[in-house]
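Next come two complexes, and both contain chain A; in the first it sits with chain B, in the second with chain C.
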Partner chain A sequence: MSLEIALFYLAALVSLSATVLTVTRTNASHALIYLIISLLAVALIFFLLGAPFAAALEIVIYAGAIMVLFLFVVMMLNLGRGSVEQERRWLTPKMWIGPGILAAVLLVELLYLIVGTEVMTPGIGVSPKEVGIKLFGPYLLAVELASILLLAALVGAFHLGRRYMRARREEIE
Partner chain B sequence: MEPNTFLGIELGFIMIVPVLGGALAAAGLLVWWERRLLGFWQDRLGPNRLGPFGVLQIVADVIKLFTKDDWVPPFADRVVFTLAPAAIAAGMLMGFVVVPFGPGLAVIDLNIGVLFFLAMTAVTVYGVLLGGLASNNKYSLLGGLRTGAQMVTYEVFMGLSIMGVVLLSGSFSLNDIVRAQEGMWFVFPQALGFIVFFIAGLAETHRLPFDLPEAEHELAAGFHTEYSSMKFGLIMVGEYIGVILSSAMIVTLFFGGWLGPDFLPPIVWFTLKTAFFVCSFILLRAAIPRPRYDQLMSLGWKVLLPITLVNLLATGAIALLQQGA
Partner chain C sequence: MTAVSVPIEHVLVLAAALFTIGLVGVLVRRNVIFLLMSLEIMMNACGLAFIAAGARWAEADGQIMYMLILALAAAEVAVGLGLVLQLQRRFNNLDIDAASELAG
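Take a look at the complex of A and B:
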């Protein structure tokens, strides 16, 4: 058990420091790499807490698909040295005051809640089958709503893309 | 879980050594084997000088790679450029963790084995993508971009094509999936799933005919244009490990894994079946020309996606019917 706790705190440390570095990096691609590492660490935490299914999906979907698209956009924007300089000018010490105060308020609230409530139950293993039964049982409506949202996004993207393609085709003709 | 120990150490820990060594050695051997096989199919000899049948060619190649100048371009992003090849090889090697080589012969039998494999192949995208980005070269960047789109696209079909197998066996654990095939290999009820998985496996390892990320006649060498010496070697090793991993997964998911008649031990059956698919990967390279990039993408979204969805629907309906009966 003590090994698990040590692994948990190690993963938490990695995740937190990677997230902080995500915010403070001036190079967009470096920031993204730290964000990916942070997601991988969070997946490890899920695994240690007994939710292997959530851990696997965290990597497959967040780290494996969504972040790839982020990186894709960064690559297409072709950000060079200029944008790093610009970021450096924006990230002045004065800029940190506002977000710092707001984050500190949340941190105090969180600490208060953690101290106030009883010890949370240590992770109970949840198998993929149980997750599936829950998703398509009591949470069916949420699944359907999420899929409708995705369908709407898909139709929207198709619509925008088609207009662009039509304009291109007329240009060629 | 039953206590599966050997000399007081858990079997999984011991398995790490042969799996790691075996995968790397097989990848090295495959470099030679591919060239010999391609030579045979193209009616020429291939490397046949060093050692019996030229099998020591890989030693010569490694010496050559090690003595080459390990050059990092001054305009590249140094740290990312150096780490990217390691990410490719490490991700592919991690995939072997869940592959069952025989009854109980796996590093770990996760109850999310299939998802773990998908997660690890998903992570290898970054090696290619970041390698292309960090090289700071237009060919590398284009190669990286192509990889990003190609791999994210084909991951979708790869995941969906496995779902039929998961439905039939009722488990994500690769060991359970192999055991569920004792009556019949899943390639028969899941023929469509197998075809899609095979094509997606080709695209995921970006092997010819789907090696558009490195298409040499249009992009120099694609994402690894700037790589030389052992960094290039690591990328190549990662690619060959990917081929072996894809073949091993095809065997496990669709061809009964280590199951086979009793006159040979299970691990030999597994190796033979995997070797067969590795050879068919090489045969495809020798036989089929490379499609255009948009053809690759439209094949994915317009043909493979509907096939997998229909396959999933039919499999689900049949599973439901059998449950009702």
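Take a look at the complex of A and C:
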């Protein structure tokens, strides 16, 4: 049982350091990579707390979809100024060694959790089934409200982005 | 159903620390992209607190609140990044102070 706690502290350390590095970077892409590492560490903590479904959502939606959205915009805004030179600078080892080390720590923890027989399912707190039953039972109204919120965000983002794309097309022409 | 062995106080301290880092990021940075990232950090810290509480009492409500936070974060990022594109188009930089015309 104490092993689980040690894994928690290690993941917490990784998450805290990656978050501090995120806020202090000057280059947006580097900050995003550190932020992804931080989210992966938090996902591992969710797993240790016995919320495997939330951990999967954290990786799929947060570290996957939302961060890719960020990266798209950062890359899109960078297009103009000497991107070849920039790409060359990104490929130096100094750039990826920090995120690489932090990700390696998380990978070792994950492998340990998978291979280790005793801590295969740490603290089976709440199963996805319970979450689903409750989500579409008492919380049905909240789900509908969330879908309305997402619809509003979709319309807003389309409206804001469409004018940008039109202006950009005129610039190119 | 085994008890959660990670002490909840420590998880909450971690969530508070992450939230504080995000708050400092919002207050200190002036680049809009970094502001949005700091907001994401803060929301993620809130989600961590909810998950910890849900695990402590073995209830599903914590994870449901986490999912609602996730939907909120996705909506916020979509609109926020649209605003970033507009800011870049109008002022040609991403400094939030460039858009302070409403302050007079």
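Keep this in mind: the second predicted complex is superposed on the first by the 108 of 173 C-alpha atoms of A that agree within 3 Å, B and C clash if a C-alpha of one lies under 4 Å from a C-alpha of the other, contacts with A are read in each partner's own complex, and residues count from 1 in each chain.
In this section, a contact is a pair of C-beta atoms (placed from the backbone, for glycine too) under 8 Å apart; a residue touches a chain by one contact, two chains touch by 3 or more.
These numbers come from a predicted model, not from an experiment.
With the C-alpha superposition on chain A as described, chain C and chain B fit side by side in the combined arrangement.
In the superposition on chain A, contact of A:41 is made with neither chain B nor chain C. With both structures placed on the common chain, the touch criterion links A:57 to chain B and to chain C. Of the two partner chains, chain B is the only one that A:33 touches; chain C does not reach it.
In the superposition on chain A, contact of A:69 is made with both chain B and chain C.
By the touch criterion defined above, A:18 reaches neither chain B nor chain C.
Of the two partner chains placed by the overlay, only chain C lies in contact with A:4; chain B stays clear of it. Counting residues of chain A touched by each partner, chain B versus chain C, the larger count belongs to C.
After superposing both complexes on chain A, the closest C-alpha pair between chain B and chain C lies 12 Å apart. Taken together, the two complexes place residues 53, 57, 65, 69, 74, 76 of chain A in contact with chain B and also with chain C.
In the complex of the two chains, the chain C residues touching chain A come out as 1-7, 10-11, 14, 17-18, 21-22, 24-25, 28-29, 31, 33-34, 36-38, 40-41, 44, 47-48, 51-52, 54-55, 58-64, 66-68, 70-79, 81-86, 88-89, 94. The touching residues of chain B, counted against chain A in their complex, run 77, 80, 110-112, 115-116, 118-119, 122-123, 125-126, 129-130, 132-134, 141, 144-145, 148-149, 151-152, 155, 159, 170, 172. Of all the residues in chain A, the ones that touch chain C in their complex are 1, 4-5, 8-9, 12, 15-16, 19-20, 22-23, 28, 31-32, 35, 38-39, 42, 45-46, 48-51, 53-54, 57-58, 61-62, 65-66, 69-70, 73-74, 76-77, 122-126, 130-131, 133-135, 139, 142, 146, 149-150, 152-154, 156-157, 159-161, 163-164, 167-168.
Interface residues of chain A, counted against chain B in their complex, comprise 27, 29-30, 33, 36, 40, 43, 52-53, 55-57, 59-60, 63-65, 68-69, 71-72, 74-76, 78, 127-129.
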